[in-house]
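Lettered A, B, C, D, E, F and G in written order, each chain numbered from 1.
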Amino acid sequence: MIKTKFLSNLLLSLIWVAITGAFTVENFLFGFALSFFLLWVSATDRRDNKYFNRIPKLVSFIFFFLYELIKANIQVAYDVITPRHYMEPGIVKIPLDAESDLEITLLANLITLTPGTCSLDVSEDRKVLYVHAMYIKDKEEFISSIKNGFERKLLEITR
Amino acid sequence: MNNPYIVLPVIFQLLTSVLLMFFWYRVNAQRLITIICSIISVGIATWLFKEVYQNGILTMQAGEWQAPFGITFVADLFSTTMVLLTAISGMAVGIFSTGSIRNARLKFGYFPILNFLLMGLHGAFLTGDIFNLYVWFEIIIIASFVLITIGGEKAQIEGAIKYVTMNLLASAIFLTAIAILYGLAGSLNMADLSIQVAEIENRGLVNVVAILFLVGFGIKSAIFPLYFWLPASYHTPPPAISAVFGGLLTKVGVYALLRIFTLIFIPDEFLGNLLIVLACMTILSGGLGAILQVNMRKIFSYLIVCHIGFMLAGLGIYTELAIMGAIFYLIHDIIVKTNLFLASGLIFKLKGTLNIEKLGGLYKKYPKFSLLIAIPLFSLAGIPPLSGFWAKVFLIEGGYKENEWMLIGFIILGSFLTLWVIAKLWSEVFWKDAVDLPKKINVKYFHELKPFKRWAMVIPIILLAGTSLYIGLAAEHIIVLSKQIAAELINPTAYLDAVLGIKSQTP
Amino acid sequence: MSIYDYLYYIILPTLSISILIIFVRFLIGPKLSDRVVALDLLLTTGIGIIAVYSILSDQPAFLDIAMIMALIAFLGTVAFAYYLEKRERND
Amino acid sequence: MKTLIFKTASTYLLPLLVLFSVFILLRGHYLPGGGFVGGLIASIAFVIHSFANGLEQTKNLIKFHPGFLMPVGLCIALISGAAPLFIEQSFMTGLWFENPIPVIGMVGSALFFDAGVYLVVIGVTLTIIFTISETL
Amino acid sequence: MILAILSGFVLAGCTPFISKFIKGKGSLLLPILPFGLFVYFFSFLKEIGEGQTFRFNYDWVPSYGINFGFHLDGLAILFALLITGVGTLVFTYTTSYLKGHHYLDRFYGYLSMFMASMLGLVLSDNIITLFIFWELTSISSFFLIGFNNDDPKSRKSALLALSITGLGGLFLLAGMVLLGYIGGSYQFQELLSQSTFIKEHTSYGWIVGLIFIGAFTKSAQFPFHFWLPGAMKAPTPVSTYLHSATMVKAGIYLLARFTPLLGGSAEWNTTLILVGSITMVYAAIHSVLRIDMKGILAYSTISALGILVFLIGLGTEASLLAAGVFILVHALYKATLFLITGIVDHETGTRDVTVLSGLSKVLMPVAIAAGLAALSNAGAPPFFGFIGKDLIYEATLAYGDWAMVLTIAAVVTNVCLLFAGLLAGVKPFVGSLPSNFTSLHLPHPTMWIPPLILAGLGLVFGLFPSLVEGLIVQPVFSSMVIDGAPVHIKLWHGFNLVLGLSLLTLTLGVILYMIVKPSSSLFSKTLKFEMIAPQTLFEIFGKFFNAFARFWTGLFQNGYLRNYVITILGFLTILLAYRLYQGVNLYIDTKQLTALTIYEVIVALMMIVAIVFTVFSRSRLVAVASLGVMGYTICLIFLFYSAPDLAMTQFSIDTLTVILFVLVIYNLPKYKNFSSKAVRIRDGILSVFFGSLIAILTLEVLSEPLNRETSIFYAESAYLLAKGKNVVNVILVDFRGFDTMVEITVLVIAAIGVFSLLKLRLKSIEKE
Amino acid sequence: MTELLVYILSTSGAVFILLAAVGIVKMPDLYLRISVTTKAATLGIGLILLSAACYFNDTAITARVVAIIIFMLLTAPVGAHMIGRASYFTGVKMWKKSKVDDLKGMYDKKTHKLKSGEENQ
Amino acid sequence: MELILVVIIGLLYASGIYMMLRRSMVKLIIGLILLGNGANMLIFLLGRIVKGKPPIIDSTAKMLTEIYADPVPQALILTAIVISFGLQSFAIILVKRAYKITQTDDLDELNTTDEIYE
């Protein structure tokens, strides 16, 4: 718990330094104090996260995401600029392996951020994610592409 | 002369409010604070008045930024008189409220808001900056919005909708006027504007801006044909609130009119005639409205309108004498109208209604209260030598000097209607036999109150009645004061010198 | 063509035209949701305009407005979503 | 409205936004920003949190009624404004420390004043929005 | 002197605190005050008789030339003695008349207040002070008429009396102020020296007219007379004191007092003669037709007042002398008759002369007094009334071309008055005593002695006119006629036309009394006559006025907010348009304008569309969303035109406003369009017109040069003096920090308001 | 080099935004509009912001740009999710050619709770 | 651009007033907001607009020397915006409360306090 707190604190201080744009020790210390205060104010339960061994996976995930992003964007762009609609849209239920709030949220957001798909909602029991998608050639295939793509890679980082 | 302490009335009022906010749910502590602070406030105002009376105009340049760059506060006789009157009325209403306002309202910020309102009034009187005046006006209206709705009863809300709309409209017009004035003159300091505006070559534009100010302030001071919000709303909140409204709020508009139209825009012939016509119509509308009403507070509300006409008349005639009349009337009216609304609160506590057809028998049952209330009533009616009388003399003579016969006619008409209404009210409420009224379950009658609360309701009325007697009987003091104020207004060189220093010499 | 001209004559008009197109969706609706989505997109595009404008006027400070927009633009969307649900529940 | 996604996002957004609001407050004297905008952003942070997690959660988080910030903020502003009165100078006269402080820059009564504004704006906005949410 | 005048006020002020005392035996001590005053004024009599006058000056409002300046001369002392003398008797009379009355203390309070005011009125040299006392007598009269305030008629009469005298008073005030303004002083003695200047001034007519209205209303002259009969609702001491002997004579006093200052002109004389003669004849005829003793006396009083006005109007030395004497004559006999009426009423419970008769058998001293008074009234020798009547006829006969007409009018009046006097003073006491009155007893001496004294004086002065000639009549005359010849009054002038007229009057009056028997049927017939009486006209006017008030108030205060808004904006628009049209030439300097760019045009276009959309959308949510778009485009414009702070704030506030709206309005009703098409078009035209005016105004201001002094100062000193680089922020927290301070207070208040508006629910059970 | 980067980034950003704009008008139903716009715009704005960062070439500004992008990535999907969900709720119809609708009937009309359909597993 | 802004200002005023003249309370509030925005734009424009030169002193400079936008109107508008926000929130809540009590959005039904007899 203490470590998590410290990490969050550190992270926030760094963000502070970033947004203020003054890379000095004093500024960092000030940001640290400020975020310490904030964390004290907003004590919420955060799971223990092991940051450091996840970094490489994180980097590879980012690239994967960017690739997906651009690919899907082009697909959608084509659909947008051509007069005909090639899409076969629908809402698909995707069972979730992700469990924690953070995992589910990240997954849902990433899905939304890629063109052509959009997470609509998570069921109350957190077991499934409802996704609206533009190109559903085959429902099962679509589900497995998400599960093996985004979800697996994401879980590799967070667990 | 510079004196950083002339803003004390404002700051002390703010301090009081903040202090009261820290005692949010502790109503008795709030009561105590209100009483003590309102007395101190009167002390401060008296001190300021004395200083200015003895030493002449005092100024304060906020942040030590010389005019016209900072916000200047100016305590001349006019503003300090208004501050003093506000403090006195405020004290009366504050003390009255400790006895008359129910705890539920007190737990929702009644006292802090009341003190904010007084702060706004003090600020509006003392500021020498047109935009700052706007923000003070905003304080005043928002505080009055809150006070008029506090408790949220149906009539209150209905009245408030109109009140709020009209006041917001007035604010928008005021802001528009400031925008154009700044666009023309590039300044916000009123003294500086006085000089700048005089130099603008395009007089047509100046006249147009003057119209905007006239209407903006006119709505706030409830002149014809801009007064509608007043009779629609003033009778709806608890009496203590009506008292501060009736006594002080419309007078800020009048103050602003007097200030702006003597300092920045000197009325040309058209505007002067317009003001006269408006004054006549205001007197007429208020008087006619008053004779029809049966609710005591509505009668007083219409009479407010009627008497605003008198003050406007002074400005319309635009001579030192006439303005002196307007000032005298203003001084009298603040004290008396406040008192009458307080008295109506007392009557409500005694009888549980304010409908003059249902009321009756007060003189028989409460002779001392009746005589007490008779003082403000007959002062208002202008029975000489009570306070309402004097101003008329000056206004009438002022009217003669400028050959405003129609205006004199309307002043007579307005005085007559007032007299008639007050006499009728006296006859109905005090003379007529009492009718058995059903006991209202949600009213705590006067005799059921604790002695502290009873005294808290009666003492302010005595105090204000005494003040109005003083104004009437020691009229000399007030006349000398009004004369000096009028002279300062008509010839603002002293004001300009005090604010701008050497700058006013070399425009 | 300098970078300034490029941004001024190509990018900014493109963004402006985008805004106009999005505004059309706002106007035609048909549902409130459509308008809300359009509004959201308008704001987002606005961030782009601000970014370009900050380059043009050489005022990096303008980026802070973009930052504020990015942070709270979605609050409007959230509020409307909130409204839609509430209204649904009350009906 | 308490969806999982929104809730989680809000948990991260809250400290970010508040941090950002302080940043906006502090640099107001040099670049666009200041007490108002800072206060508005901070309160928006809490509003988002309350939308996502429900009002009770947010209230628990703040631990006191946001209305309390109003007199506190007013007090700070008033004191920083009225302090010069004690040395016979006008209200709102700027009093400054001799040397600049790192990060913040010059510290003076104006900064405290702005901080008062910041607190008041938070208190006001939250009081309004929370009260409305409570009485819906 | 000031003490003498104000002592009445002091006593009045004390009454609430010594009420127990007054209600007990203490009332017997009260007449000491008027009596003391009487003695005090009496002590001046000798010197005044010798032609001296006394002046007393006390500062009050020196800066406006208003003071307690008292001037004691013949006219003043006549009235002062009347006031204090009759006052003493009335005070005494009251001790019995209202004995044990629950509100005796109040009664004495008002009475003393009245006495003091009346004294102040007649003694004041300063015309404003005079007016103040004048109004105070009206107010005391209001309280006294309404003394029996359980009776609605009593209240109505009090209101009516106050309306008439109050309105008259206001005109008088206007007249006084005008007079003071023209004459350059409020001091009567100083004005007197300006007499010719004033008379030749163009405003002379106004002055006289205004003062006349004041005097006529107070002294119940036609057509303002009708409040006086109503005022008889007051207890009898009041009728005696105020409404016959003193207050109603205030108008006469005023006219007499102003005669040397304003009199002598054709306007002055003609008006007074006309009004006076109409009043005297009209009221005299009326008095004949009444059956209520008080009614009879009321009308005969009006008639007598008419005579006085008439006499003053004649303006000759003879007529003024007659007036001076008649004031005293009338006071003596009329007061007596009123007091007697009170006794009769008090004892028998009725004042109906058709019922009353034979009372002399039980109320002998009263009957004597009544008889004396009736005879004096009749002008029978050797009563003082005879002298009075003689003087009147002398005056009319000497009045040039109109002598005949005027004399006939005087005779008719006197005949009627004589009849009335007999009816009230003789009829109740002669004849057979009805059985139900046999058990009557003579009241307490304090009641019957005062009328006896008054009536007795009427006889004494008649027998020995020299008693009053030098001491009173001469000084009174000198007050009205400066440099007049010395007067000489006597009972017997020898056989002449005047004597003939007097005898004729007597004979006719007695004959009339023999023939005409008062009856209620006759009286009710006269009531039909009232249809065209001034009172009816006044009431019709009142109704019309009320209807007008209702119309006017309903027209403006009609309850519809949008009508209020449209009135206000219409007013503003008309004025703006007129002023713009009058003084502004439209001119646009295109060189000063900034260039257009596509992104600005698009943003502006969007803004315009958003505004239009906001206005015409049929869903309020869409309107709110459009409002959001509009705010957002404003934000962009702020950004483009170098206002990043504004853009930030506008954006944040805009978002919050949208949230607020959304939170609040989801449960509001359907967003209906209530107005008809015509109304919408009307509103549309007004709005567009107003918008255009603002636009034109803006354009016009834009082409004016702007003074940038302030902005340059800020730009130069923001960093150097205020240590900040964002000038806008420096202005907000430093240069104009006070604004900000106030502004956050506004926010705090708004928040508290929202809090209380939503959370505070007054429980109906909780007591207020 | 920096200039070229600015050209490329700003152009591609503007193009994506334009795409989103066209998309929002052209797409036949609300969900598709959300789908198209949220990301295209996010990407486009991200690119433009990056171009600004390149232009100013200052660490402080770059850091700020990164912060904005992170904020957007955090908020944009949440907004899309919220409005999409609310729209479904209030009965905004899907395009008539849509293939599947797994969400149908899963919302509890009263409590607004969403079932997974797998509660018993 | 000034000309377009002038048109916009006129339009804001006109539409604000038009909305205030409707009978619906919500429209009334919207009208007031429009009017307020109109006034703000008016101050802004009449302070004379300058493109792309915010009144912020460069980090290396000590004062503004070249052409810059007038900071005074900006400060005024800022104050006005914030004040309007306070007033508008209050007005919005007032309308809500009024509706709750009277169950109508129609302003014409809120006229009992103007009646002569009550």
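Observations on the structure shown:
The definition used in the following text is that a residue touches a chain if its C-beta (ideal position, glycine included) is under 8 Å from a C-beta of that chain, and two chains touch if they have at least 3 such contacts.
This one's a predicted model, so the numbers in the text were calculated from it and none came from an experiment.
Any chain that touches chain A and also touches chain E is listed here: D. Here B is the chain whose Cα centre lies closest to the centre of all protein Cα atoms. The chain pair with the larger count of C-beta pairs in contact, out of C-E and B-D, is C-E.
Ranked by distance of CA centroids from chain F, the top chain is E. Ranking every chain by how far its Cα centroid lies from the centroid of chain D, the top place goes to E. Annotation: 49 Å between the Cα-based centres of chain E and chain G.
Inter-chain spacing, taken between the CA centroids of chain B and chain E, is 26 Å.
Between the CA-based centres of chain B and chain F the separation comes to 57 Å, rounded to the whole angstrom. Of all residues in chain A, those touching 2 or more other chains are 15, 19-20, 22, 108-109, 119, 121-122, 126, listed in ascending order. Of all residues in chain E, those that touch two or more other chains are 550, 553, 557, 559, 561, 565, 597, 640, 644-645, 647-649, 652-653, 655-656, 659-660, 663-664, 667, 694, 698, 701-702, 706, 708, 710-711, 714, 725-726, 728, 732, 734, 736-740, 743, 745-755, 757-759. With touch defined as above, residues shared between interfaces to two or more other chains in chain D number as follows: 1, 3, 5-6, 9, 13, 16, 20, 24, 30-33, 36-37, 41, 44, 47, 67, 70-71, 74, 78, 91-92, 94, 124, 128, 132, 136.
In summary, the structure contains touching chain pairs A-D, A-F, B-D, B-E, B-G, C-D, C-E, C-F, C-G, D-E, D-F, D-G, E-G. Listed in rising order, the residues of chain A touching chain D in the complex are 12, 15-16, 19-20, 22, 24, 26-27, 30-31, 34-35, 38-39, 41-42, 44, 101-102, 104-105, 108-109, 119, 121-122, 126.
Taken together, the chain G residues at the contact with chain D in this complex read 54, 56, 59, 78, 82, 86, 89, 93. By the touch criterion given at the top, residues 1, 3, 5-6, 9, 12-13, 16 of chain D touch chain F in their complex.
Those residues of chain E that touch chain C in the shared complex are 597-599, 602-603, 605-606, 609, 613, 619, 621-622, 625-626, 628-629, 632, 635-636, 639-640, 644, 647-648, 651-652, 655, 658-659, 662-663, 666-667. Contacts from chain C toward chain G in the complex involve residues 53, 56-57, 59, 61.
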